[in-house]
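The two complexes that follow have chain A in common; it is paired with chain B in the first and with chain C in the second.
What follows is the complex of A and B.
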């Protein structure tokens, strides 16, 4: 079993603990960013859906700009460029801010198209039964749209979890960062460590994608 | 106010990176289209072991970060940064393109395959001359989206010293000490590529929605 020898060498309790600590940081940063970008993205999506003059157009420009930039650039910008204008953040804050900016733009588009997919007649019916616009959104449009949004939202969450790895460029002590430290100690460990790291990401993301698939089936 | 002298002084460096970003994204697009088509056909071929290989590839690659793949190709093999980056991007994007193509093929009614087979075409011939030409129409908008993602993901070349736009931007900001302005210019160069692409994809999506 020569093939397994390098894995056994790498899979010491200490190394695994170190990798799992990194993965915990990955999951924590991802979870905080998901919550924040869901709130901000939801707000942007609703404001754009409501077609408030000026605000909607302004948000459209901001969202399109952010969506069309590489996340890596946004991370670099947040951590290295913003201090030049007096905004200094710790690594973990910078990572969360950068991820939130990028994913809010992505999520706002999912939420906006989810809302748009609800037939206009629903709003008209809601309004004519005496609800105001906000109430119609809250009780008629939102519940139907949310159900349709769930599968794309879950895939965007998977993307976010994967994208968290990019914060390694500003030395966020996440899974990939800790993996780098381990293989820096022993160069022959590169392949087994990468396979273990890939498996860790895979297990969590695949579980999420199975949930998404189940939700999709339930709807159909 | 932005310091435009950075842009004029380092124009050739920006353009060098811009060129590599375009070349790398383009090569990766073509390679991942070929690989993705192959995997998509494997996933629907009437031969179970091929289905399994295709499914494992797609599910595994789609669920791990592209940066992990790029680092792996860079460190595990003896490639230069640009080659490793292009291979990493290809491996990653092929999984998404395979899914897009598979969805396109599945959208062609079964009767088409049956009709082609009964008029004497082999499975491969029927796939090539009957199914794929019809599927491609549905596949083009998601392919466009993947190309936009590729252009954005090509910035990962910077992490393995691939010489792309992001990498050159890093070099410029290190020698000018104005990170803020440099990154804004880098961002503008990316937008020159991605904004027209997203408008193009949006336009195609609308037209296809109308033609159906």
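What follows is the complex of A and C.
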């Protein structure tokens, strides 16, 4: 029972409420960033796949630049550098913007390579039946590509959820941030708190990967 | 109906089609043969603009294919295409594969498209597979679905690009039977194939190509019995004596 004692001491209703508040911020920031970066990344991925002159090349430069920067730097930049040029954001907005910029670049690559993986013959079959380019993309290429993209997309979503914790550096009141406050009050609680925090991240991320497996099986 | 006039095509410096002159009339069945790399598939694919010609004139159904003002999607509605590797849409059922273009290109209603799709599935002899996915069908069945998918647009021309080359031998017959029936109904067909039996039975004309050129055009009996060109003779002896 000695092992459980520290947990019982930490797991007061107040502490749990405080951690869950932090977790709620984590989930909210992750969810909004996932939706936004999926839309923006999807758009970029499609535009690059379509090889539109100039636009595609420009986007390639932007995507490659962002992909090769550390996310931490982008978070710092968004919160500390942008105000210098008059763009001032609240912490939570800055976190969402930084994550969205970074993840859009990552997702656009997944989406572009997913589209590229569809055999040229599929496009020729569609086009030769009289469908235009956009119809062919929409009814033939995209549905097939999306199925193939599910595993890498979900793993990127899981990364994003974990990466929200990097925003502690700008004091985003997320799960990890609130955990730090708790063990700062009583250093002997650090191990049980970390274990509880780990469990929270794990449960949500593992659930996500289970859903992804389900989706894959359904399509097989 | 289809006329090539001094058509050339290059891939970079490599000339795939050399001074092609060929006229195909309505209701004609033309079989294109020749060694691999001779440009026969390219020739076929120029007809529905899957490949662009470099120069010359190519008219199909009274429209100039290379003309920028030509609505290519409209031109393609009237040309069915069957590929060596079928290219059915794997995420759609057989019925959905056939209904897609009529629904989205011609704007047919669900009911209308479905009735038409069932009619053509019946015609190619696999109406019982309407709700199957392509992966559940044999190669021969997949190719027959692909033919139905082309026919459902009621095209005036059907193009076949080695339609039996990817099939197991015992499935070739079922696909050729569908094609023969189609030819007898008066469909204008351009067929790239090595199936000599088919060519002899239904082709109005054989076009022999080598190194991007049309070397010989003749009726099948004449071509197979007494080819004029030395290269055609060599090609025939090779495919006959393997």
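As a convention for this text, the second predicted complex is superposed on the first by the 215 of 220 C-alpha atoms of A that agree within 3 Å, B and C clash if a C-alpha of one lies under 4 Å from a C-alpha of the other, contacts with A are read in each partner's own complex, and residues count from 1 in each chain.
Please note the rule applied: a residue touches a chain if its C-beta (ideal position, glycine included) is under 8 Å from a C-beta of that chain, and two chains touch if they have at least 3 such contacts.
Everything numeric here is computed off the predicted structure, so don't read it as measured data.
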In the superposed model on chain A, is it clash or fit for chain B and chain C?
fit
Based on the superposed arrangement, let me know which partner A:147 touches: chain B (first), chain C (second), both, or neither?
second
Please indicate which partner A:139 is in contact with in the superposed arrangement: first for chain B, second for chain C, both, or neither.
second
Using the superposition on chain A described above, determine whether A:122 touches chain B (first), chain C (second), both, or neither.
second
Quick one: classify A:70 as touching chain B (first), chain C (second), both or neither.
first
Specify the angle subtended at the CA centre of chain A by the CA centres of chain B and chain C, expressed in degrees to the nearest 10.
100
With both complexes overlaid on chain A, does A:131 touch chain B (first), chain C (second), both or neither?
second
Chain C versus chain B, contacts on chain A by residue
B
Minimum C-alpha separation between chain B and chain C after superposing on chain A, in Å
22
In their shared complex, at which residues does chain C touch chain A?
48, 50, 73-74, 76-77, 79-81, 83, 85, 87-91, 100-101, 104-106, 146, 149-150, 153
Quick check: in the complex, which residue numbers of chain B touch chain A?
59-60, 62-68, 71-72, 75-76, 148, 151-156, 158-159, 166, 169-170, 173, 178-180, 182-184, 186-187, 190-191, 194-195, 198
Taking the complex as given, what residues does chain A use to touch chain C?
119, 121-122, 124-132, 135, 139-140, 143-144, 147
Which residues, counting only chain A, touch chain B once they are in their complex?
64-65, 67-73, 76-77, 80-82, 84-85, 158, 162-166, 168-169, 176, 183, 190-191, 194, 197-198, 201-202, 205-206, 209
